Amino acid sequence: MSEEVGFVAMAKVERKVEEIKSMGIGILGYAFMGKAHAHAWKSIPTYFWPPPALPRLVAICGRTKEAVSEAARRFGFEQYYTDWNLLIKNPDIEIFDNCGPNNMHAEPCIAAAEAGKHIVCEKPLGRNAEESRRMLEAVRKADVKHMCAYNYRFVPAVRLAKKLIEDGLLGRIYHFRARYLQEWIMDPNFPLVWRLRRDVAGSGPLGDLGSHIIDLARFLVGDIKAVAAVTRTFIKERPLLEDPSKKGLVTVEDAFASVVEFDNGAIGTLEATRFAGGRKNYNSFEINGEKASVEFNLERLNELRVYWREEPVRDIMGWHEVLVTESYHPFYRYYWPHGHIGGWEDTFKNELCHFLDCVVNDKSVAPYAATFEDGWKVDMVCDAILESAETGKRILIRC
Amino acid sequence: MSEEVGFVAMAKVERKVEEIKSMGIGILGYAFMGKAHAHAWKSIPTYFWPPPALPRLVAICGRTKEAVSEAARRFGFEQYYTDWNLLIKNPDIEIFDNCGPNNMHAEPCIAAAEAGKHIVCEKPLGRNAEESRRMLEAVRKADVKHMCAYNYRFVPAVRLAKKLIEDGLLGRIYHFRARYLQEWIMDPNFPLVWRLRRDVAGSGPLGDLGSHIIDLARFLVGDIKAVAAVTRTFIKERPLLEDPSKKGLVTVEDAFASVVEFDNGAIGTLEATRFAGGRKNYNSFEINGEKASVEFNLERLNELRVYWREEPVRDIMGWHEVLVTESYHPFYRYYWPHGHIGGWEDTFKNELCHFLDCVVNDKSVAPYAATFEDGWKVDMVCDAILESAETGKRILIRC
Amino acid sequence: MSEEVGFVAMAKVERKVEEIKSMGIGILGYAFMGKAHAHAWKSIPTYFWPPPALPRLVAICGRTKEAVSEAARRFGFEQYYTDWNLLIKNPDIEIFDNCGPNNMHAEPCIAAAEAGKHIVCEKPLGRNAEESRRMLEAVRKADVKHMCAYNYRFVPAVRLAKKLIEDGLLGRIYHFRARYLQEWIMDPNFPLVWRLRRDVAGSGPLGDLGSHIIDLARFLVGDIKAVAAVTRTFIKERPLLEDPSKKGLVTVEDAFASVVEFDNGAIGTLEATRFAGGRKNYNSFEINGEKASVEFNLERLNELRVYWREEPVRDIMGWHEVLVTESYHPFYRYYWPHGHIGGWEDTFKNELCHFLDCVVNDKSVAPYAATFEDGWKVDMVCDAILESAETGKRILIRC
Amino acid sequence: MSEEVGFVAMAKVERKVEEIKSMGIGILGYAFMGKAHAHAWKSIPTYFWPPPALPRLVAICGRTKEAVSEAARRFGFEQYYTDWNLLIKNPDIEIFDNCGPNNMHAEPCIAAAEAGKHIVCEKPLGRNAEESRRMLEAVRKADVKHMCAYNYRFVPAVRLAKKLIEDGLLGRIYHFRARYLQEWIMDPNFPLVWRLRRDVAGSGPLGDLGSHIIDLARFLVGDIKAVAAVTRTFIKERPLLEDPSKKGLVTVEDAFASVVEFDNGAIGTLEATRFAGGRKNYNSFEINGEKASVEFNLERLNELRVYWREEPVRDIMGWHEVLVTESYHPFYRYYWPHGHIGGWEDTFKNELCHFLDCVVNDKSVAPYAATFEDGWKVDMVCDAILESAETGKRILIRC
């Protein structure tokens, strides 16, 4: 097995520190994802030293001048814009990092590709496969680096699962079952936010949460061949944000469940909901292979549970509770001594440093990060799940 | 909420101990289930004192004289038979307890009903819904007490989940997801035992394990309206038991997965496999309701995890890890002080004592135990799952 | 490593079933421990077949005629006594099983020894080391088999820990830390029961709970050389049982804590209390050795957690959560298929069958079960803990 | 109960963002703690917006020019020094943050106090209580703000435990038991680093790890009145760092264990070791109070387990597994949505922002952070533990 996992190539570089160049970053969006990405860019030198390049926070873009100017100061950007077209035109920006809502993915990304920027785009890539296919074509045509920010590939424990599979520890895979469970809209009086409107969000937990587990399914097991699914909207009307005395229709699903068949013969289940009381951000999966099983849960993201059927000492066979914080574990030698656990936000540091490395050193974004091609394929599965739920039929996926 | 859960009525009986009568028991089968049932019948007075009746172990029946005679001595039966027809004709036997393999369920049970015996039959009731429907008709016609031994309804933690639902703690139910995972045939050289042959077993993990979680789904959530499923046979040929140098076809599935829709609007997933390395007897479920969620796993059967969304002290909201061994928990006042945990076999003691109580005191076996009607309805769902897997269509269940 | 652990010798016996003889059992006490022991004796043939002997439940003894006669019927004894002297004189009784309160240990056991009975005595052996020394002398003089019923040695997971140590998996042991925590007298209005009176009980949680962990310390690590301890009585007066309007003095400790030094150089802590809210029967320990660590908790008694520092695949090093229910695990081949977990009461079946085997086949009760010598040595440590708490000095133990 | 916990006062400030001033920071040390502190200072505006002040990273100091100059660039300091006297003289530095090894605590801190700097000093404060007493006197005399960086007070779950105690949820406290377990020097060939030499480190795991749990004991329960302890050095000689072919004496303990008595009547145990295989950074404690218990473990630092004896629904009493990431939990509204868990390093952000707030707004560092007075009192307990281990006597602590 390979000695260490992380940015393998980077570790080998014997670069002189003086030579580190800087790389201009421009971010669209300053809220949840904007904060996560901005802080990650800024943190890269602390952890990954010497870094592939020193991220230079050139500009941040948002709709409201007052808010975006404050965000710029808070996160340490040199300037701000309220028009993303200006951001894209800024020649100092080499990487365009799209942290906007789903309906702001396609147009700015396509424009940025045309402007020759390398692109990071938050997930899901498009609001549907058609939209993401157009985005994929744009980056291909422009020949820029592109990444769809499925950050959970960059959880050390998830990357360790990937490594164990690559190393052959699991053997042939029989099962993948994943559940991404949340609870934040269970109150019927929770308002009709953008995530509950199909025109903005594309879909509900399917695109928001399900896309993550579909991406992990593809990352860890392989392509999905067919789905048979059901969706539900439990609360059909909700108070309008702008006038809570009125109600509007929820136009996305509240939950979905699907059985899946993989190209390699494995079968499984995928499920996501916003109606699972007690599950805050419960992105969990289990894989059963011929020789080993693994289990993961994002609420305990520093841990991977592994059952190895070929354990040498029979008496102590059991699920290994692996605390994925050893220096030889993915990414962790850049962090802290073992047992000093990492947080959710570290996924962004790992992911964006990987992309930085790919851009600076002209490496392949795939297979460890998701590209726009992966983003499109995930959206194909999402579309198939919606179609199956509507028609009551097993839907084959043809990428 | 009701004060205590268990055999509520029994607790109220102020019977004089002298008056305890005995009740004749005859068991078909002396292997795994036979051992579990025989020991449970014998243990009833130790735990449930005074018991509804003193079980009298009249006779046990099996094919091989030497083995069944030894079993009779071991478990304390007065006599043994190698022909189940003789067992059923024995007038001292009031309860016929069928612990035979699946293909030995229908004929002996129907005959026993015709002989006026009260009947316990191991699950699944029939090898398919047609067979179980005939069994149901027989017991109805004979007007005898009947129970299909879905014993996991009698795990204290499962019965507590039932109570919490009845008490309204969960409110409207949104999700049920259950997985019954085992690993015992992962070795490709594991032989072609009866459980892998459709003619004897009817189906694979669907009937063996899936039937348990379908029963729990119906017990805890309600009737299932539709399924969309997939099945797989990973190892298609296995060595013959009688001649390991030759191989025979595996004629049942190795695993199934299904999405389900309930009459009450809830959705969920069901899954069972014998190819989940590390899962020994992992019968687990999670229910998400409007007000609370519960989670259970048979490998830690003394525990129920509960998340209550209406917790009075917000700061300490979280999953309650309930050790279901308090005197006020289901069945446990008959056992030991709290923290002195129970085992898997206790489910049989609880279940058979319940049936004894129903027979002696002419009470309803339902809703806390499964009747032959429940057994038939479970088999209807199993048949629908197989049909969906074959046709690629969502199948509606019409009981 | 040895192939299977349990009653190794017994497994080798190729006894003809017809030859199984019976062995007369007489029990003193019918409450908590009486129920546990009586049911265990009765269950032996179900599990351990063929058994060393068929236990014959000759007689049970208790103070109250009505209660003891009902107990005899309930548990299946042939007769009952209200005077233990008569029990001991009954020539059909070969094994005297003392389940009485602590102040009923010495005199009946000594008399039984003089009557030539083999003896099982519940723990702690005496109310102090002086009393247990007299008991030890009596059984030595009478040359009968003797066992002090420290049943937690017979939890499969604890016996597995013992095996791992014997196999050298842990290497040199550095640390032992054990805590036996309960909560049942936290209510200040809980009455002054016999366990809170030094004249009957000898001590509080020290003798009741602490003795168990001292026994496990000796069983797993070795003899204890020195202690330094503190005790506390948090609630100094409690309502009298006979007249709750009056209060009496609590004359035992409510909790103790001690540091310990072992002969072999290991150090550790021991702690027991009845004031740990949420801990029902939390008997837990952790051992850190040169090569491996183990962790156990009685509330999840089917599990042993093991960390092996010499794990061959570095990536998956972590605590193994071992479900100790495999056929190759201690005792479990006598029970159920893996994953069908056992209960607290099984410890008694394992322990009493071991003693039966020792009596019938003239084997050594030690080292797997505790003898009266072990019982005495535990009491020596208990006395030293009390002395240290009183004097503020480290006390050396001289057995 | 108070609405939210964190920097309560700060949340109320309606400061105009434009008015945020900056505050000069100078750090001594750039290794483990230096990295943690530097990154935390830099991260404050991202999380705590608007912050009490914008930390300005003025200078960092270390012995080796090449290394410290690289550290300055990596962490973003304006300049660097190789002589701490120069750092202290820099007038732009208002806060002196001492991240040096233990033998570099006293002299630079005392000099910084004399220079009028506010001071953060890593723990333990001194190498013994005499040294820390001198440091305390210096900061008192200079009337500067001072904090001993016992950062685990700033784990959200630990601060929640503090809040629950303050709110009266636990009532009278009976027990505190803490264990800080590591494994990093179990290999006998691990070299004789400074932490194993009494002249540099003062003590072994006692000062390094034990000091943390003594601080938590005092923070959560109250002052310690007496200890009775044992220490051990398992590996007495180790290879020299400078010449591994030679060995030198280990002059600190490898482990200690102590019983403790608190002023308020509670008793408990404290234990720390570097010889607990499988325990990476296992800082854990359990508190049993009259009305509730809490349990914590740093390897799962986002969780607090709570058992509440006054739970309104008896059926679901059990340990609450609280994921301490709600917006109403300590500090977490500054971070991410619930379930997006935090890492070990966040403790430093919380702690240093608290100190910044105290300096800028002239607030009291105590009781939520440890002052030099707390640092001294912890060292008094450490000294008493060493004395008890040497003399075999219970030692009273007189602060």
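For clarity, chains are labelled A, B, C and D in written order, and residue numbers in each chain start from 1.
In this section, a residue touches a chain if its C-beta (ideal position, glycine included) is under 8 Å from a C-beta of that chain, and two chains touch if they have at least 3 such contacts.
Every value quoted in this text rests on a predicted model; they were computed, and no experiment measured them.
> How many steps does it take, at the fewest, to get from subunit A to subunit D if each step moves to a chain that touches the one before?
1
> With chain centres set to the mean of the C-alpha atoms, which chain is at the far end from subunit D?
B
> Return the distance between the CA-based centres of subunit A and subunit B, expressed in whole Å.
Those two chain centres are 42 Å apart.
> Go ahead and note the Å separation of the Cα centroids belonging to subunit B and subunit C.
Chain centroid spacing, subunit B to subunit C, equals 34 Å.
> Determine the centre-to-centre distance between subunit A and subunit C, using the mean Cα coordinates as centres, and give it in whole Å.
So the centre of subunit A lies 53 Å away from the centre of subunit C.
> Which residues does subunit C have that touch at least 2 chains other than itself?
As it turns out, subunit C has residues touching two or more other chains at 279, 318-319, 323.
> Using the touch rule from the top, collect the residues of subunit B that touch subunit C in their complex.
17, 32, 35-36, 38-39, 42-43, 45-46, 49, 70, 73-76, 182, 184, 279-282, 298-302, 323, 325, 336-346
> Please give the residue numbers of subunit D that touch subunit C in the complex, ascending.
Residues 174-175, 177, 179, 181, 183, 186, 226, 228-230, 232, 234, 255, 257-261, 265, 267-269, 271, 273, 275-279, 286, 288-293, 307, 309, 318-319, 388, 392-394.
> So in the complex, the part of subunit D that touches subunit B is made up of which residues?
Against subunit B, the touching part of subunit D is residues 1, 160, 163-164, 167, 169, 306, 308, 312-323, 326, 328-329.
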